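Next up: the structures, one after another.
After this come two complexes, each holding subunit A, first together with subunit B and then together with subunit C.
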Partner chain A sequence: MNTFSFSDLLRRPESGAVLGLLFVLVFFVIFGSVEFLKPAGAASWLNVAANLGIVAIPVGLLMISGELDISIGAMIPAGALTVGIISGQFGLPIWVGIAGALGLGVIVGLINGLLVVNTAVPSLIVTLGTLFAVQGLALGFSVLLTGTTSVALSPAESGAIAKALFGQFIGGGFQVTIFWWLLFTAVYVFYVHYSPFGNWLFAMGGDRVSARNAGIPTDKLTITLFVLSSVSAAFVGMCQAILFNVAQVSAGMTFIFNSIISVVVGGVLLTGGFGSVIGIFLGTITFAIVNQGIYFTSFDRNWSSLIIGAMLLLAVLMNNTFRIMALTYSPKKK
Partner chain B sequence: MAFKRILIAALAATAVVSTASAANIAVIGGKNDDAFWNIIKKGVDDARLVVEANGGTVNYLRLQTYDNFAPDVVQLIQTAISQKVDGLVIPNWVPEGEDPAIKEATAAGIKVILMNAGGIDKARELGAINYVGSDEYIAGVAGGEYFFKNGKKNVLCVNTVPGAANLEARCKGVIDGISKAGGAGKQLPLPATSFGDATAVAEAIKATLLQDGGIDGVITISAGDADSAAIGVMQAGKTEGVLLGTFDLNQSGLDRIKDGTQGFAIDQQPYLQSLLAVTLLASAIDFGTDLPTSPLLTGPGIVDKGNIDATLAGVGKGAR
Partner chain C sequence: MTAAILELRNVNKSFGPIDVLHDISLKVHAGEVLCLLGDNGAGKSTLIKTLAGVYQPTSGELLMDGQPVSFEGPREAQKAGISTVHQFGGTFPLMSIGRSFFIGAEPTKGFWPFKIYDRNKANEIAVKAVQEFGITRIDDGDRLIGGLSGGERQSLAIARAVHFGARVLILDEPTAALGVKQASHVLRIVLEARKRGIAVIFITHQVTHAMAVGDHFAVLIRGAVAANFRKGEKSREEITDLMAGGEAMAALEAAISSHSLASETNPPAA
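Moving on, here comes the complex of A and B:
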């Protein structure tokens, strides 16, 4: 049973994502320079990937289960501002600020989850509503409490421990966030692929009604996923505030599109029911490489967006074509 | 009863407006929760003391939201006209919408000053007596020259919203300013996928600095981007050699200027815009003064190590 089979390996959901990743790597090594793979260059895209990846995985899991969460775009600045206002403006201990940021994530996630489960409104619309609502709250409270839309959080206010845990650079250029990302990815891999939780997830994305009839606690699972994505977004915002010593109202919106792109490049179907954590992980790296690789090439920077768009499309196309080939492949009968 | 009281109050207010001999001025401004417009308000409030000392009044009319922008601004202009004010200070944000209403105001004998947005050509076209504000291009040139004066020869202008006319003018000004002085400059337009992602902006700047070792000056088009740029410059190991500047002010940027990790910030000094516009207009109405300086530029004001303490004091008082 356990004999190694090449075709089995290729049929895993993440193998297409590996191909997309290899494609963009080769592209930027050819058109850019190998600097891009050396530590300073690698930090450039790993840092971007880590911040995006922490949010992209729960967003991807929601997509596998057939839901969408775009309120993360507002939760990132809201998380940053919460810690900025509590610890920067009012000078309370950083742990209170961190707890406040993550607590806000739990509350918004619960609101998203409960609304989606208890109303017939699609999650896109529910989270669009909370996206604007949270954005408005962040702006309103920021100006009301601090008189500005950009709240400073000095290293002294963060304190050495929080700065070391959430906002330092390791080995010259690697954000500590990268290690959080790896840790979270490992935990997600375990829960999604090696525990019943994962089977429930895929069953729910495939057919929600049948899943519920089969005894899977679909409501609880959906709410948990929304809480995870909101808390993850607040976590990223909190880390950015501690790292950059500032929290801003006008940040984070690009994370909505960027996380969905990463998830799709990573092989998750927009319709749900198919995908993997490792695939999302690789998709995020692919996106980050495409986004940052441009700075290692000699292309005129005015073409950046065009190249990013074309590369991502190619990566998804390769992934899709490959998945169809892999899934329709049938071994020769002996 | 309440209605009657309001009616009497309204009548009394009308009486004050129509019988007062000195300038009654309306100032139109942005939302309450917009930090910039609260600095403008401080200028209006301080100018009011002068106007009231001469028997006039100042009324600051603010937009409630930005959702229905052009019609709301026009509505405020109509309100000012119907109040029969003597003078109107207004930003020309949306010329297509505002111009007919502003012309209506000048036709009704109201003296107008354009503030913050519009420019002197627009002011002349509309029959306004002056423009008080800054000019993005001139501010950029001043930034470029500042780099050169501080020994920097090769400047990168980081534009996180390429294509926005005012931001392009800022970068163009910087590049022209440093080029004319004898250095060189170029723009780094960032893709839309990086906007609002501090890490992506920081890493883009770091990568550019590592790739082009000749760059010794970096300027960002907003204060928030300077927060990312500071980390990017630090991560490239170039905090010593690269001078960082930015357009606009925020607390963290001022902190960096104070501790020496940022060179300067270019401020359009909004406090001066409303303070000068209101007093200038009142003086023109009450005493017939005519200021030959036009446009009246309130920026660029450069904040650096030399004036950081006074600037921070101004921030504390809501004027910066």
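Moving on, here comes the complex of A and C:
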């Protein structure tokens, strides 16, 4: 029963992500150098992967359940600004700032979730609305309260403990968020793949009405997922503000597309019902390697977008093939 | 005679000014298959939704074991033992057999917050439940639902409902989208459910399938019970006629014959 077989591996949602990751690794070793696998090089793409990954997993879970959240693009700077304004500008304790940032995430997540559940408006439109609304709020309040769109948060204001927990470099270039990312991934893997909660998630993405009839609290689950993605985005923004000692309005929009690319490369079905946390994790690393690996080659930086675009299309096609293999699989007669 | 498991007494249902069900009275006993026949738009769907707790009757009574009941929603009906299996089985194509069998009632081991979904146990119970219904081709709980045939999916859904304690099984057109062989699988499962003392309400417009398993038949026309009879009381032609509304069918036949006469005198242009 538990014998390893290659075809078993291919039927898993993350198989495309594994192949994609191997491909980009080989590609950048050949065209670049093995430098990017050594600590200094690895730090560059691990940092990108960690910040992206913390957001990409909840975004991917929403996609598995059949929803989309693009308001994270505004939630990241909003989280950074909240902690910047509360603790940097007004000098309140850093914990108040952190609580404020995460609290804002809860509120925006609740608004997203409640709107999606209670109206027939697709989540893409709902979160497009909150994306601009939150961006406007962040910009408006930032200028109103501080007179600038970039709020300083000095290390003294952050305090040693918060700095150590959320915003320090370890061993030269590794952001501490890498550890948060690994921790979150482990927690998500457990809840999505080894607890009943994950079962509900996949059922909801497969057929929402049947899932509700089977007694799954679909509305509550949807709202929880939206809160999770908004809070995760606020968390990333908060970490960045503490790390770089400054919170800016502009950083964050790239996260929208980057997280969706990571999730799709990771083997999640856009229409829901299929995917895995490990797949999203690998998809994020793949994306980060392409994004940063280009610096280790002699190619111009701009070519990385071409690689990412081609990789995305390839991933979708490959994932379709793997899914069909999974569907048509039946064990051989013993 | 014992009281019927489920009984409808003079049930009416209207949506605003539109009356959909008129004065429906039906009974179904344990170990009996009631076939609900009717053309599209005859009110079959509204009737089963009323039984399943999705709609509440505008007037009239629903009785279970002789006691009046009213369901606020489908979950209450399910708790009372009324399970509906829809045409496509209400299952999730990209989930494994074991997982979808236990949706909403997952077996777990360990303790909160480390409750683990017990995959082996779920797979084992699911496969056993389906095999007991005679579908021996399903022997791996890790297979995805989407890889099963339509008949197997239906069978899985029925086995699931029975496993979770259904006393009344409402099957909504279970054979409509199936081939002949697949349909016969499903019919065999209907008989198996009946043998276990479950009351089955079988909705179909395929008279052949109804005749094969039904004990008791009711024909719905425009929201009213047009005929209510037991097995062997009517022939297949009579039932088909009834479903199509008798006179309407005769009128159509007349129209066809006059049309063919006309086309004989006016041959189509070459």
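Keep this in mind: the second predicted complex is superposed on the first by the 297 of 334 C-alpha atoms of A that agree within 3 Å, B and C clash if a C-alpha of one lies under 4 Å from a C-alpha of the other, contacts with A are read in each partner's own complex, and residues count from 1 in each chain.
In this section, a residue touches a chain if its C-beta (ideal position, glycine included) is under 8 Å from a C-beta of that chain, and two chains touch if they have at least 3 such contacts.
For clarity, every value in this text was computed on a predicted model and none was experimentally measured.
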item: Subunit B versus subunit C, judged by how many residues of subunit A each one touches; value: B
item: Which superposed partner A:N213 touches (first subunit B, second subunit C, both, neither); value: second
item: Touching partner for A:N258 - first (subunit B), second (subunit C), both, neither; value: first
item: Subunit B versus subunit C as contact partner of A:G198, first or second or both or neither; value: second
item: Contacts of A:T321 with subunit B and subunit C, given as first, second, both or neither; value: neither
item: First, second, both or neither for A:N118, with subunit B first and subunit C second; value: neither
item: Interface residues of subunit A shared between complexes with subunit B and subunit C; value: none
item: Partner subunit A, residues of subunit B touching it in the complex; value: 33-35, 38, 162, 187-200, 202-204, 206-208, 210-211, 223-224, 227-228, 230-231, 235, 250-252, 255, 318
item: Subunit A contact footprint on subunit C (complex, rising order); value: 74-75, 78, 86, 90-95, 99-100, 102-106, 108, 114-117, 139-140, 143-144, 146-147
item: In the complex, subunit A residues that touch subunit C; value: 190, 194-196, 198-200, 202-203, 206-207, 210-211, 213-216, 269, 273-274, 323, 326-331
item: Residues of subunit A defined as touching subunit B within the complex; value: 35, 40-41, 43-45, 47-48, 51-52, 77, 139-140, 143-144, 147-152, 154, 169, 173, 175, 240, 243-246, 248, 250-255, 257-258, 291-292, 294-296, 301-302, 304-305, 308
